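Each chain carries a letter (A, B, C, D, E and F) given by its place in the written order, and its residues are counted from 1.
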Amino acid sequence: MYLADETWPDLKAYFEAESLALVPLGSTEQHGPHLPEATDHVIAESLAREAAARTGYLCTPTVNVGISRHHRQFPGTMWVSPDTFRAYVRELTENLTYHGIDRVVYVNAHGGNVDALREVAKDLHAAETCYALEWMWDESVPELVDELFEHNGPHGGPKETAMLQHLTDLVHEDQLAAARDGGVRDIWAAEGTYQNGAATFFDARDNSANGVFGDQTDATAAKGKQLFEAATEQLCELCEWLAARERDELLPAEPV
Amino acid sequence: MYLADETWPDLKAYFEAESLALVPLGSTEQHGPHLPEATDHVIAESLAREAAARTGYLCTPTVNVGISRHHRQFPGTMWVSPDTFRAYVRELTENLTYHGIDRVVYVNAHGGNVDALREVAKDLHAAETCYALEWMWDESVPELVDELFEHNGPHGGPKETAMLQHLTDLVHEDQLAAARDGGVRDIWAAEGTYQNGAATFFDARDNSANGVFGDQTDATAAKGKQLFEAATEQLCELCEWLAARERDELLPAEPV
Amino acid sequence: MYLADETWPDLKAYFEAESLALVPLGSTEQHGPHLPEATDHVIAESLAREAAARTGYLCTPTVNVGISRHHRQFPGTMWVSPDTFRAYVRELTENLTYHGIDRVVYVNAHGGNVDALREVAKDLHAAETCYALEWMWDESVPELVDELFEHNGPHGGPKETAMLQHLTDLVHEDQLAAARDGGVRDIWAAEGTYQNGAATFFDARDNSANGVFGDQTDATAAKGKQLFEAATEQLCELCEWLAARERDELLPAEPV
Amino acid sequence: MYLADETWPDLKAYFEAESLALVPLGSTEQHGPHLPEATDHVIAESLAREAAARTGYLCTPTVNVGISRHHRQFPGTMWVSPDTFRAYVRELTENLTYHGIDRVVYVNAHGGNVDALREVAKDLHAAETCYALEWMWDESVPELVDELFEHNGPHGGPKETAMLQHLTDLVHEDQLAAARDGGVRDIWAAEGTYQNGAATFFDARDNSANGVFGDQTDATAAKGKQLFEAATEQLCELCEWLAARERDELLPAEPV
Amino acid sequence: MYLADETWPDLKAYFEAESLALVPLGSTEQHGPHLPEATDHVIAESLAREAAARTGYLCTPTVNVGISRHHRQFPGTMWVSPDTFRAYVRELTENLTYHGIDRVVYVNAHGGNVDALREVAKDLHAAETCYALEWMWDESVPELVDELFEHNGPHGGPKETAMLQHLTDLVHEDQLAAARDGGVRDIWAAEGTYQNGAATFFDARDNSANGVFGDQTDATAAKGKQLFEAATEQLCELCEWLAARERDELLPAEPV
Amino acid sequence: MYLADETWPDLKAYFEAESLALVPLGSTEQHGPHLPEATDHVIAESLAREAAARTGYLCTPTVNVGISRHHRQFPGTMWVSPDTFRAYVRELTENLTYHGIDRVVYVNAHGGNVDALREVAKDLHAAETCYALEWMWDESVPELVDELFEHNGPHGGPKETAMLQHLTDLVHEDQLAAARDGGVRDIWAAEGTYQNGAATFFDARDNSANGVFGDQTDATAAKGKQLFEAATEQLCELCEWLAARERDELLPAEPV
């Protein structure tokens, strides 16, 4: 059920029956010469709406702009500060509880949002406002990602490319080789990223001339479909698991 | 040009040539028994993208959740505080200037956002960060609105209904009479809204049992099309006017 | 009853009997070559204290500096940010409730404060802290204003001039014609204030060379007296209306 | 020169010639059964305006509500938090510098404001915004205070009583003995205020049943006049001293 | 008992029996050519741990960096803003109450922290979170300080020097005369510190060329031992006094 | 060189020659029945001071209380919010740059601080304030950790136990088996920690009855010495690497 498409009487019926919501969050930021800046929010929204459609749980509109300052050197990247992103998500989530929501899945497709979403989720949990889970799509299907791609990215790499090939017609197919050759195929093997255990880069531009990583030529729409199906299945299972928890299980533990 | 669909090299070309952006902002909130909660963000996004397509100027993704606490008594309404909304919009706008943007049109379709957007625009102007204009679609075509509808609303009334009839298939046509009869046809004539010059209501629920105002049965898709065309034309003109200003005209005046 | 003139035992008696307070708020900002910068806070304080004297309700001291950055280009204008103004007023109001106040009238005489006061009042209402009304004096007597003056201003125009003529000896009578001729007689007819429905000015200086609007030569102390009497009467009625409400009427509505 | 009474052209002339302003700050809080809650802001405003009149320097309107939570148990006390008070004063001061002010005297008559004003002044100094001095009236004439009164208070005691007798007709003369007998004559000799070097009270109510200290029967209008003259003289001297400083003397020192 | 050295089961036993904690707070800032920058935090920690050892009450780790911007012109001085210091101490204290603490002694050895600690303590008291006392070591033994030293400082003077001689081997004995001669022996007699009752200095550098005050050659380890013993005794007494209070005595008074 | 032990003239000499500082950060929180709550700040401080001693770079005092709310259910855990921790560290770091520091190593021994330190470091880098690196000791020697221990923890496990055995006499050797048996030997194999890719725990208490993980009986002081030596060596190398960078290399990249 997509909240934005419904009227309030229909939503009233939902809240009387259920207390779970999916909140998609992405970013609007450079994804190399071949992918649209929408990449992350398209993935998050597509997964969240598909899982909502399959399970009947509620999906809210998408937060389109997130924590992306580290991509600013590439034109078009939009961002807000971590403080403001946290406040925006925290309030939006707190306010869902007015209607009876007490469990939330943050359907996330942008690595830069992860820490912030976990911080917000911890605050909401400690305050007993609600139980919110940060779920990053590709962390739910790591084996499949490894199986499909030799150099999967992360940012702007073949797993995101394949997803966009499957979900949209916005991929510049003629730029896939350029994306690979102008970027960094294997970030983990690259020089200058870690020094004695400390990460020594701050911005995507520090590592990659075109902003992306991995071998994009390895991506196909068919692989994207596989990924999308597998991740959607994970997400549906997570929603069912979460909906099945007793309210008590979702509260903080007592002091020892 | 829609920012989210483009790659960074394409956007680089845009920023080298132009310095204007349209930012659509709406809300996700109850709009009566007949309209989807998306109503405001659908209108804002549709107008902004259409004007961007016609003029070639850049349109960013939409801010979907705004200042709507006063609709919270109706299920599904989402909101953030004015402080957080202002911060989110301010930062998102400030950060566009990193790429060269120095003039922005906030394409707004939610009355609750107006004061906040003007406050942000004033701050950005005083700080000489950029020149941002708050533009509320129906304030650009007041005569046409009056001509088309006897009781235009405002909230959830025939002007919004007509727009959604034109733009989507999400209107519950069988609820139009119910919307009218369960709400308040003429808010200005209603009792209890003003007392000795002071507004004595805080929430939509204080005035209307079903959250909406005006005569929704007066709406048609054809009227919606007229409104959409007229407002789009106004917005295109505004963009051209703004793009034609000299940078100096857009800065604060000197002290007398 | 004027809070600042009383001792705590006298105020204790008041709070045991009543729960309403008037809080005057103005600004300290340029009002053209003919009016003192005190104009707005003089009007607010005079009306609030007069209404308090007539009704017996409590009037607090005046907040003298408000939201006036848009007048900064004219010497002497003082201001604080909207954030700080809201915090100052919000806390001052919250803290009155410690003594038993649960209903407040913000007696306001500065347009720049309106949005901020409404935002504060909404927060206080939603939090069930108290019921505060923003009351702008000239909005309570619009017909009389229109009847008395052809070009009423707004800022620094004849309605404010007449009020100050009635209340003080601070009006530079020899500057009335200069005020009119060096400013803008009819702001609504002036060029460059609106473009396709968007307000395109940020500061008073953008529109008026001397900072004021309307025809000041139309003002007299007698008209000021009429305005003062009429507005005081409105304010007294508002206080009585508000004091007569049941506590329950003043709380937010329940969810539908 | 009193800013609020002047027009902007007159103030323009002042700012072209001078760069100093006096800002009066007080409180609105209980002062026992004999003094009005205005006591502190009346004293601050009277001294600041008198010194401005004698020296020709500029005096702004008064900040009437300050840091007084520790008097809240007595009806009518108004207060804001230290954070908000600091922000209000800081911004108001920063914004005076737009007009050319670079030196400010905070004319203070409330002990609870002292730390906050010094903190603000330090911030403004370190940021090279301006040079602001916190001046507490009775600290400028300690010998005279000691000479005139055996038990001077501080809060609501004879020195404040005498000042109000001189400046207003708001003193309840018939309550002076009650004030003394229902309060604490000698706070320094009272039990329960200090323990092993630590102050063990938080609120005025912790020490005094009626909120005041000292021997109020020792106050007379004549003594008040003496105090007022002496303190005004000190303040005038301070203004002249400050105005005579070179701009460079007022900036922070360089690192050693 | 030193919290940091214990395991949680041991601390569980403490919290079941007691509800008092000592929190040492100092600074890291210049103390002249003869003393280490640790001076204040060494003193605070030493006193707090000694008193904890003698009484059995709990001592937490030390807050090492405080409010010291006014010493910044001397190399090595570290500082945070008053806002951040207050937040850090407030939260750390609030969170101790999770474990059952309801009374706290801030064992402070830095004058620059005093106002901030008192503000935090007032907030905690008013909110009924806990009862926290600011205790500044040398204010507990003023007579002894006066007896031991003719010119005691304050900053970097003989009382602090003696304490460090007793507690550490970090004092540069060969710099004591230089400290005295390059600084200010008698700050109260110095010119330029007060003007008509207003303090006219902001930074230590404004008064003292080498950052310190008093006659350091008057310090000995034996005097330091005397001071340390006397202050420890005061602190132990204070803890016993505080622990003996009924919970009710420690709450804010009711309104009159 | 340890900042706190030095006088300002000695530090002046350092800042004239070098521009690097090490800042140790830990936590004060439960570490099971066998380890002191100081564990993390002892490790951080020991490594930072040792590396400073060997390389001659400057080490500041330690931040002892960090982000540990997730350990609150175990007595004695102290914490501040992420917002306040970030502000405290950010300001302390910014202010070091007043003395000429432009590169900083955060020597961190608490996982809960990692995200916050990286966020602060990113802000400082983007603002061109300085180049700060978050360095977590055990991430610099992952192979050695794996080689020494089969089940290394993380929290309160054998690697931390061994370090404390080497550095202090605070380890309760008789509790090592209890620590292992009352906790969770292999967190990665434990049930209930992840669900479909989402972490489903918020507090240490959610996973472990005694708050710790791994096999503590595997720890020895000799292994601790090996770890300490290896990590110190990594840290020294990192300092030398960082000190050798050109200032330009440490600034953000230009836009593409």
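The rule we apply is simple: a contact is a pair of C-beta atoms (placed from the backbone, for glycine too) under 8 Å apart; a residue touches a chain by one contact, two chains touch by 3 or more.
Because the structure is predicted, anything quoted here is derived from the model rather than measured.
Q: Chain C and chain E share one sequence, so how far apart are they rotationally when you fit their Cα atoms? Give it in degrees, rounded to a multiple of 5.
A: 120
Q: Copies chain A, chain F: same or different interface, half of numbers shared as the threshold?
A: Comparing the two copies, chain A and chain F contact each other through largely the same residue numbers, since over half are shared.
Q: Sharing over half of the contact pairs with C-D by residue number is what counts; pick that pair out of B-C, A-F or A-B.
A: Repeated interface of C-D: A-B.
Q: For chain A and chain C, what's the span in angstrom between their mean Cα positions?
A: That gives a centre separation of 48 Å.
Q: Taking each chain's centre as its mean C-alpha position, how far apart are chain C and chain F in Å?
A: One centre to the other, that is 56 Å.
Q: For chain D and chain E, what's the span in angstrom between their mean Cα positions?
A: The mean C-alpha positions of chain D and chain E differ by 29 Å.
Q: Touching at least two other chains at once: which residues of chain D meet that condition?
A: Those would be 8, 12, 69, 72, 74-75, 83, 98-99, 211, 255-256.
Q: For the complex, give me every residue of chain A touching chain B.
A: 3-9, 11-12, 14-15, 28, 30-38, 41-42, 60-65, 69, 72, 74-81, 83-85, 87-88, 91-92, 95-96, 98-99, 170, 172, 175, 211
Q: Would you tell me which residues of chain C are touching chain B in their complex?
A: Interface residues on the chain C side: 69-70, 72-75, 82-83, 105, 115, 118-119, 121-122, 125-126, 133-137, 139-142, 195-200, 202-203, 205-206, 209, 211, 234-235, 237-238, 241-242, 252-256.
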